[in-house]
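For reference, the structures are reproduced in the following blocks.
Paired with subunit B in one complex and with subunit C in the other, subunit A is shared by the two complexes that follow.
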Partner chain A sequence: MNVATTVQTSPGLEAFVGRSAGQGTALSAMGIPTRRVEAWRYTPLRAFADTVWAEAPALSDAQAQTVLAGLPLPEAGSCVVFANGRRVEALSSLSDSIVSTAAEAEDPLEDRFSAVLNAALVQDGLSVRIPAGTDAGMLALVSLTVGENISTHLRHRIVLEEGASLTLFDVNAGEGRYVTNPRLDIVVGKGARLTHVKLQQDSLTAGHLAIVAASVDGNGNYDSFTLNNGSELARHEVVAKLTAAHAQVHVNGIQIVDGSRLNDLTSMIYHAAPDCGSRQTVKTVLSESGQGVFQGKILVDRIAQKTDGYQMNQALLLSEKAQINSKPELEIYADDVKCSHGATVGALDDEQLFYLRSRGIPEAEARDILVRAFLLDALDLVTDETLRDLLQGSIRA
Partner chain B sequence: MPAVTETRETVEKLAKSSYEWGFETDIEMDIAPKGLNEETVRLISARKEEPEWMLEWRLKAFRMWLEMKEPEWAKVSHPPIDYQDAHYFAQPKKKPGPKSLDEVDPELLKTYAKLGIPLHEQALLAGVEGAEEQKRMPVAVDAVFDSVSVATTFRKTLEEAGVIFCPISEAIREHSDLVKQYLGSVVPAGDNFFAALNSAVFTDGSFVYVPKGVRCPMELSTYFRINARNTGQFERTLIIVEERASVSYLEGCTAPQRDENQLHAAVVELIAMDDASIKYSTVQNWYPGDDEGRGGIYNFVTKRGACRGVRSKISWTQVETGSSITWKYPSCVLAGEGSVGEFYSVAVTNNHQQADTGTKMIHLAPNTRSTIIAKTISAGKSDSTYRGLVRMQPKARNARNFTQCDSLLIGDQCGAHTVPYIESRNMTARIEHEATTSKISEDQLFYCRSRGLSEEDAVGLIVNGFCREVLKELPMEFAVEAQKLLQISLEGSVG
Partner chain C sequence: MSDFLKIQGLEARIDADGTPKEILKGIDLEIPKGEIHAIMGPNGSGKSTLSYVLSGREDYEVTSGSATFKGEDLLALEPEERAALGMFLAFQSPVELPGVNNANFLRTAVNAVRRARGEDELDAVAFLKAVRAETKRLSMSDEMLKRAVNVGFSGGEKKRNEVLQMRLLQPSFAILDETDSGLDIDALRIVADGVNSLRGPDFSALVITHHQRLLDYIVPDRVHVMAKGKIIYSGGPEVAKTLEKQGYTQFLEAAA
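Right, the complex of A and B next:
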């Protein structure tokens, strides 16, 4: 460890966070990662590094209500709304089966920029637990950001006790140019089940740096799906740890990238116990000058025998200027495992297009059909029908 | 768990089978003092009787190297290397050409015998006068015996075809224009830390030039041997194949057993013009270190081929069983339209070996194609990583890549890792990548055992089957050796 570098604050950092980053903190030691940092080689933060991101001012309930009205939300269930980093009580309601708790410290994830940034500037967040054996139904967690050159840093923690279950709909949206940096800690207890469906629909000029840290106990199930659908630059990062036998983790997602935007799905699935399984299917559709990034790592510990890991990553390039960078990674230390990954990159199949056109379907429509078909087998992994329909409706054509 | 303990004991017992080709030849050497500075570079250049431009080239590389840092991204760990604590030049003392094998240094002959080089070929290698007329063989050997090519065989036959195959030091003197034009054109002196080091201090290696329209009449082969204590070996190979010409080049390595870690930083550059084809095959079996991982060779190699011409083809095949650390990424730059790059690899690690190897396929031109088949086998306490890059640049219309990486783990103390980078900037380019990790199944083992095979033979059979797609790419004589090597490398890994 070089001590000298830990006390220096990187020059762009003060400007970036718009307030004191604090001398000698983890954030000032890390600075803003450049492309030389392996984890960020495909996702440059340059465009965001020269703006001062001030603390977001409060948003009136009425303003929040207006933005909220435009969002696809399920009709039933609990709902918690955060606007510009503050909880809006008037728009929130929790069922009795969701119990508020004090925030608790989790793994700081000190080597991950999104987590370190969040730790330095954390504002508010939802901290709840679902008591043992309770099915808490649907919880919509909505984060709205409205404004120019502001940033929000929420930190949530959801604990599912033994045998509990919850469906979490995690919606991110807003207007203007801002940075949103939410952290979500998830603890899935023995035999508990969390279905996490995320819709990232932030403003097309926003930066979205989200990190999810999930830990899943024996027979527990963390089933997640992310639709990366907005932001100028978005990274959805998942660090999931399977801590006891027969835990299951799914980290699926779809990324729709157009304009000159960049969407990134980065995940680390850590098999720390035997007999666990993980599944990952990520599909990216790129048009115009869109850039897609997928970095998925499966780490299998020495004791994690009988691991069953599967990872599939596919990208569809629809324009000459689109770009995909993909890095599916396996790091395996146990011998009795079944791990595989696959990746494909390509354009629409001319033969399939021809087939549809020869049956009288206009080219534009034929393309649309093929793109939707490409996305369908990923979308089908969303088990909750209501949410699947909501997501499908949100995919921008 | 007593069963596990028992297994471990059995494994340890079996793993004691030592390096079959570990031996050290005692012959007179001319050694430069330890250390690396501009003086060392000047000394090497002077000893090699190099022209002025070559010295300048070396010095430029050396100065670049001084500014560079050792790369740290590979998944390998080793104590820091003291670059000043090594000899950078060792040369067997020259004697006038012997009249017959009887006059040849007997130690040298013993080494050849252990390497399995046939007698008449030994005569050729040792430079016995008139030996070439005795018998024709299909393979030409350029034996690199500790940094200096002792002899090059079949010069005449090759000369008739117009093929130049000689030590690179000789090429620098006699084919200066060719070397000057192409040296460093694929792997620039400042490409990476080890390439810069090599550029500054390389002592020998092979030079091949195949002129237009010539199909090289025989397979060219170099035996690499590290022989003297504490001499880093810095080989430099340059192969240029002109339009419609082709060559197959074999590189085989065995090294004697020793205590201290040795650095080996070679650079290989291949250049293929229009419709040319180069097949480069390697069997690498440097000393891997003992059961505890002590000793063994550090193999930090930069290999790169440039498909400059249209429809040119470069194919890398490698069987990597040796070295304590391997850091090697034979790559293809596909610059010619319709050019083809191939990479077939088997990497076996046992005991404490570490291998970080793979390839880069850089598609620059339309209709380029590449295939990557990488088989990784880890046993003992070893770690093996496939690290590869497939990049489709904007002009690579209709380019294709297929990649398959399979890992086989033997034992629960080893690691197998796959780190592919896939980058596409052209929508018409197609990339397919698949990777699997598994172990030898009990079913397969049981099937073989029930038919009377010993456990080790069964493992050997299964492993050879696992690697079949790669082994079939090797030239015949290499394939046989490679199969044997695989089995030897994995000895004692199953209990």
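Right, the complex of A and C next:
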């Protein structure tokens, strides 16, 4: 199913990986993609390719604690904190229903830069399984990065056995100019359910290159929502595979882009079995010179009859300089499927704005009301009420 | 007589596909404190434009003349500043706001205006009490508060929602732009009661309508006839009755 990888090596590559990736690794073969690589055409890594990203030095528990205190965190039964790529034991605890496991290799995703970079430089990560039939409650997974010209490369793996369930609150934040490159492997067993709510609130000068590889077994559900809210450049990439009948995947999200920042949500949903469903609602709000990218591919295998795929992405442009690049892609080999997709781009409605202002509501507040109204039906897809309120409060509209 | 609302030589135009179209061609109008005036006129005479220019909609360009409200240069104020100063426009076609909860919208508006007027904001409980009293008076169901603003509302419900906003914002000057259109007789009576209940020495209104019917319920102090961007005749409430019987022809001929 893969297309041959186009190799376009940038001059910053050797410096970027000099510290640990050896010659002959997948990374040195691939290089840092330029805009000529289709997958990165709208998300240029140029600004990050010219820096030597040093291995992040350890952060003291006290420093980590200070950053942590500024984050919106719910009461969670389990919490694991990573600071500058290292697990902070003093701030972490797992409930009995979450079992630590050894890290295991999954699909290397060798055609995906974020995965290849992670494989070359991986440091640490969380590997756990939720035993069959267990509801493990909520796990907060927090990744903090603090420093200048450093990078972190965590690799996590969460396995839900048959009928297990977990709500994962995945928080990314930090201070300074850094690159954070987490990989999360998810295995959802038969009838299991993982609710994955991610808050990407990295430093506004950071680069965030995340990749999630999920596989979902029959009647399982991977229900994800990402708020892309920070970073100078952020890509949240999801590669999800539906492997047996009646599996469900939701890749929903909101992106808030201002300044000259860029936020990107890229997904590939592979329907490899019949009777599965996938849902995607992604909304992007762009102001100033902000740039948004949505790339959503749905691949339906020949055997995946009765696939029900839905994809909607909508952008609200609040400035003439803002830009959205939206690329829906449907590749369907089965003949009895229901797949729909839609994309809209619009501005605030002058009549609605005037109506609010004529009721005494100042312009800035009126705009805020309309932006939040635009985001509402996406945000409503976050089923956990606590996390929904928490995300809503984090949106810098 | 104090200068409550004073419009002099007001001319305004709109950009119609690149060419400016003159709509108001010299409006002179004074509405004293405590009075209700009506404007009647055929379609396209500029009635709604006048309401939009007074409330601050940006699509219209004022090319000449002035409008003052409570001594302030109305045309220099933002729409929200006009609202804070006591102006309210009941829209001919109330705007739908999908995703904006009606109760939250009403509370935000009330508190924005209270803030601007130097009054304390209402907390959720105090607001709910105030709004419940008003919905009861207007025979509105509480369910309308839970819905998105005007979304899925019938024509009558939208107009009631306008009157509800007016009652809550306590304006000193209200413009009702064809608030009677699309209303059955019961709804018309409820809307008229809403306006009449505000009537007093500190409340003025400009009622824009096609039909004399509304003016049976909201009896105006003065009636102005508008045509082709100008006020061509002004008189007492009897003018509405004359218009209903004889149409606009005699006024148009007299003005020609």
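Here is the rule we use: the second predicted complex is superposed on the first by the 383 of 397 C-alpha atoms of A that agree within 3 Å, B and C clash if a C-alpha of one lies under 4 Å from a C-alpha of the other, contacts with A are read in each partner's own complex, and residues count from 1 in each chain.
Here, a residue touches a chain if its C-beta (ideal position, glycine included) is under 8 Å from a C-beta of that chain, and two chains touch if they have at least 3 such contacts.
Values in this document were obtained by computation on a predicted structure and should not be read as measured data.
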- Message: Using the superposition on subunit A, tell me whether subunit B and subunit C clash or fit.
- Response: fit
- Task: Could you look at A:E38 and tell me whether it touches subunit B, subunit C, both or neither (first, second, both, neither)?
- Result: first
- Message: Comparing subunit B against subunit C, which has contacts with more of the residues in subunit A?
- Response: B
- Query: Anyone got the angle at subunit A's C-alpha centre between subunit B and subunit C, nearest 10 degrees?
  - Reply: 80
- Task: Quick one: classify A:A343 as touching subunit B (first), subunit C (second), both or neither.
- Result: first
- Task: Considering only the touch criterion stated at the top, classify A:R372 as touching first (subunit B), second (subunit C), both, or neither.
- Result: second
- Message: One more residue to check, A:Y333. First (subunit B), second (subunit C), both or neither?
- Response: first
- Item | Touched partner set for A:R357, first subunit B, second subunit C, both or neither | second
- Query: Just how close are subunit B and subunit C at their nearest CA atoms in the overlay, in Å?
  - Reply: 10
- Go through subunit A and flag every residue that touches subunit B in one model and subunit C in the other. none
- Using the touch rule from the top, collect the residues of subunit B that touch subunit A in their complex. 73, 392, 394, 407, 409-439
- Provide the residue numbers of subunit A that touch subunit B in the complex, in ascending order. 38, 302, 305, 315, 317-320, 322-347
- Message: With touch defined as at the start, can you tell me which subunit C residues reach subunit A in the complex?
- Response: 55-59, 78-80, 82-84, 88-89, 91, 94-95, 97-100, 105, 108-109, 112-113, 116, 148, 165, 169
- Item | List of subunit A residues in touch with subunit C within their complex | 350-352, 354-363, 365-366, 369-370, 372-377
